[in-house]
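What follows are several structures.
Shared between the two complexes below is chain A, which has chain B as its partner in the first and chain C in the second.
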Partner chain A sequence: MLKAVKHYLEVLRYSAVIGLKCEMEYLSYTLCWLLMIPIQIFSGVYVLKVIMDRIGTLNGWSFGQVAFLYGLGVFSHGLQDLFFIQTRHIEYSVIRGEFDRFLVRPLGVFFQFCIGTVNLVGIYDLIPGAIIFAYGCVQVNFQWSIPNILMLIMVVIGGTLIQAAIYTLTGSVAFWTKKSSVFVGVNLQLFDKTTQWPMSIYPNWFIRIFSFLIPMGFVSFYPACGLLGISSGVSFPLPLEIPLWTPLVGLAWFLLARRFFYLGLEKKYESAGS
Partner chain B sequence: MEQIVLDNVVKEYIVAKKKKGMLGALANLFHSEKIRVEAVKGISCRIEKGEIVGYIGPNGAGKSTTIKMMSGIMHPTSGNILINGMSPQKRRKEVVKHLGVVFGQRTQLYWDLRLGETFELLKRIYRLPDGQYNGTLEELRAVLGLDEFMDIPVRQLSLGQRMRGELAAAMLHEPEILFLDEPTIGLDIDAKQAIRDFILEMNRRKKTTVILTSHDLEDVMKLCTRLIVINKGIIVEDGPISEIVSRMATYRMLVLEVAEPVQSIACDKVEIMKIEGRKVWCKFDHHAYTAAEIIHALGQELKIVDLSVREPDVEDAITNIYHSA
Partner chain C sequence: MAYLYKLKLQVQVYLTYRFEVFANIATHFILILANVFLWNCVYSDQKDILGVGRGQMITYSVLSSCLAVMYHCGIQSSLNKDVREGNIALLLMKPIHLLGAYFAEDVGAVAVRAVSVSVPIFLLGLLFLPLQPPVLFRVLPLVMISYVFGFMILWLLSALVSMFTFVTMELGNMGVVKDMIVAILSGSMIPLWFFPDRVEKMLMMTPFPYTYQLPLGLYIGKIDIGEGLRQIGIQAFWMLLLGVCVALAWKKAKNKVLIQGG
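Let's look at the complex of A and B:
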């Protein structure tokens, strides 16, 4: 078991090296991203700031608290971009028969598929994300205690898994339909709207859908509530504000999504051409 | 030792039959007729360690489908496949450790990287110890002449160079079995020759079993001792190449130059293919008559100035098999 983990980590490490080398082949492209992403992320925050300057608080959330939530959302988005960008492109690989080459190698297909592109653009997301998060932390006077740090790490990992799971689930539909890219745009939009704004501004039915049907609320909303001591306003027998829900929900959904991917691969994958 | 066993392997696809036209397209939204297409219809064969087998057939005969099932990419609809005694579907990771696969139309190299970097990744995927990796790579560099393009990004390689790179990538972990699906497609004569030499060399040195599909019959003739011919999903021939050729290509071609122009020939031992002035092409069944008998018979009615006899070749045999099935 330990040997297998070491094996996978070593392949992951070298794939990251390859990702870095590929990125350096197209340096001007990298510079474009480095310019684009901060504009995108900071403008999102700026819109929030302008709105909040007019209305003071957003359903009880101060701007500092919103920045904390927003930063948390960007972290898991960035890590998802870094390690799981391929889950957005399952359709392409199904149509082009790209899984063939992974199937003939002695490693898990889903693993090979994901790390086939370690996408450094994800790291460029993390930089503006960190700046916004740091601003939020200062504003809300976040305590950097050991338990808080550990919880933050767990939340970011869990959020990354939730995002990866949703892209994988919707992307794997392509095994049956050959097309699934339509979901990518929807997912991106939904994640923006549910992880960068406090969900309590939405009506109850919306919050419930995006908590229990599609677990987007667990990416940043509930854990931010928990870490900042704000009530989510959602009545449920269990307290949803416990940050530990995020890694648990993330792991469960990720395993489910992986299972669904393999179901499609084994039952429906037809390769392509000769 | 039987290394590859196929038992009554069937692969079915379900294809939706679409109606034509705009109205048809609308109708398709609600209902489209599903047809079962059997790409492979119950094939069985056994391949021994160290064999080089030519697996040939016309386009769409089921060659690639079979290779994909043998290498664990696709699941057979029914029937059994065993590679080294294991099912490539049930125990994929264990089976593919010992397989090398090259698809002539696909690449498994990283487009933006040097060849060497892809090899380094493969070394980690197959967990090759440094010593073994360096030894094999050294050998492959020499046999395939990789040195001249090891440091060029893959996207800038010529097709011939890339294909040599693909072969090296497939052989790096010293697989016992090598599946080559049209490895020489689109290559020039020199590149084809380099690849053929390589395949023979690997087979000789490491006893690598090779299953090769190709439309280039010269590949098959120069490399393979055994031929499996598939047509419309059924194995129609399986045996030593020489035997198949002599059985299926029963005719020899005789080209005559005669002293005076002729219109027809009375001799019933030959079949006239073409007459052009003083040149006559005819064929005869070489199992029924010897060339000497034919020349003697023709000599009775014609004044032969010059003649040549062409041996039947694998191309004739294959054409016959494709058309008779």
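Let's look at the complex of A and C:
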């Protein structure tokens, strides 16, 4: 078991080095991302700030709290970008028959597929995310105790798994339909609106859809509520604001998504392309 | 005639993917809904902010999404692809003006997107959201003109950015950077009057607010007819300026064509 894990980590390391080299090859490409991502992230939060300057609080959320939530959302987005960017392009690989290559190698197909590109662009997300998160922490006087730090780490990992799971699930539809790229743009925008805006602004039915049907609420909204001591306003027999839900939900959905991916690969994949 | 044919072709391509057409409407509507909820929340305690009421603001936000669909500049990706794959050589030999051909394609795409996405969203909005008709029907022609001019400004900007392809071969995401900047500075996310005065004044000196904020402001009645006419004049100025820049850049770029692939 330990040997297998070590082997997988070794492969991941090589893949990361190759990723770095690819990234450096097109300097203008890198520069564009370096320019764009911080603009996008900072402007997103600036828009909220401009609005909140006019009205004070957003359904009880102060700007510091919103920044905390926003930063948390950007973290898992960035990590998803870093390690699971491939899950957004399943359609492409299905059409080009790219899984053929993975199928003949002695490693799990899903693992190979995920690490196929370690996408360094994700790091550019993490930096502005960290700045906004730090600002939020200062504003809300966040206590950096050991349990809080551990919970934050679990939440970020869980959030990343949730995001990867949703991209994998929607992307794997391509095994059946050959087309699933429509979902990518929608997912991106929906994640922005559910992980970076406090979901309290939405009506209850809307929050429920994006918590229980599609678990986006667990990426940052519920854990932020829990860590900051704000009520989510959603009535449910169990307290949803416990941050530990995020890693649990994340793991469950990730395994489900992996299962769905294999279902498509084994039942429907037909090595299209050449 | 050749351009008209290009335009028609683009319409047919789009309609081939019917699943995408419906998926597009549904997904746009969900995203618009999220925006509407945000504005509802913002207006929960206030009746009006800076002279704009809740209904007006929601109308602004929904129409902004409709506009975004119709501001489609495909030249960014087509030109980049044609240069990278080397098709540009053959395209330049054809007896049409290449920029004109790209333009025709984009107009086709815009027409089809307007009918297949913007209009359905608008109708859904009228049915289910507090979308308002324009304050004065007299402004509608002005809204239309400012939309067309706004499209020209954005298209020329895209064309200009695309020309970088000739120099760098790989455009990277210059186009996306441009889109991002437009999204923020044009008032498409939130109207610029929300910004601090100084920032707003500065932004009014760029071409961006004249793409989204002008037609939308006219529609909801935030910009009156006199002011609207003045701003349409500014639009015309930007169009001319960008047009000249594009023409010059195109002339230069054509000499830099490097053929790769074959």
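We adopt the following convention: the second predicted complex is superposed on the first by the 272 of 274 C-alpha atoms of A that agree within 3 Å, B and C clash if a C-alpha of one lies under 4 Å from a C-alpha of the other, contacts with A are read in each partner's own complex, and residues count from 1 in each chain.
The rule we apply is simple: a residue touches a chain if its C-beta (ideal position, glycine included) is under 8 Å from a C-beta of that chain, and two chains touch if they have at least 3 such contacts.
All of these numbers come straight from a predicted model, not from anything done at the bench.
A.B. asks: With the two complexes overlaid on their shared chain, look at chain A and say whether chain B and chain C clash or fit.
C.D. replies: Superposition result for chain B and chain C: fit.
A.B. asks: Give the angle at the C-alpha centre of chain A formed by the C-alpha centres of chain B and chain C in the superposed arrangement, rounded to the nearest 10 degrees.
C.D. replies: 90
A.B. asks: Would you sort A:P106 into first (chain B), second (chain C), both or neither based on which partner it touches?
C.D. replies: After superposition on chain A, A:P106 lies in contact with chain B alone.
A.B. asks: Figure out whether A:E270 sits in contact with chain B (first) or chain C (second), or with both, or with neither.
C.D. replies: A:E270 sits against chain B, while chain C stays out of touch.
A.B. asks: Of the two partner chains, chain B (first) and chain C (second), which one does A:Q189 touch, if any: first, second, both, or neither?
C.D. replies: After superposing on A, A:Q189 lies in contact with chain C but is clear of chain B.
A.B. asks: I'd like to know which partner A:C22 touches here: chain B for first, chain C for second, both or neither.
C.D. replies: In the superposition, A:C22 contacts chain B only.
A.B. asks: Pick out the closest CA atoms of chain B and chain C after fitting on chain A and give their distance in Å.
C.D. replies: The answer is 9 Å, the least C-alpha separation in the overlay.
A.B. asks: Overlap of the chain B and chain C footprints on chain A, residue-wise?
C.D. replies: Common interface on chain A, chain B vs chain C: 26.
A.B. asks: Once bound in the complex, which stretches of chain A touch chain B?
C.D. replies: Within the complex, chain A touches chain B at residues 7, 10-11, 14-15, 18, 21-22, 25-26, 97, 99-101, 103-107, 112, 266, 269-271, 273-274.
A.B. asks: Along chain A, where are the residues that touch chain C in the complex?
C.D. replies: Per the stated touch rule, the residues are 26, 28-33, 35-36, 39-40, 43, 47, 50-51, 54-55, 58-59, 177, 179, 182, 185-186, 189-190, 193, 197, 201-203, 206.
A.B. asks: List the residues on chain C that touch chain A in their complex, please.
C.D. replies: 17, 19-20, 23-24, 27, 30-31, 33-34, 37-38, 40-42, 44-46, 49-50, 168, 170, 172-174, 176-177, 180-181, 183-184, 189-190, 194-195
A.B. asks: Give the list of chain B residues in touch with chain A in this complex.
C.D. replies: 13, 59, 63-64, 68, 71-75, 92-94, 96-97, 99, 101, 103, 105-106, 108, 110, 112-113, 117, 120-121, 124-127, 153, 181-182
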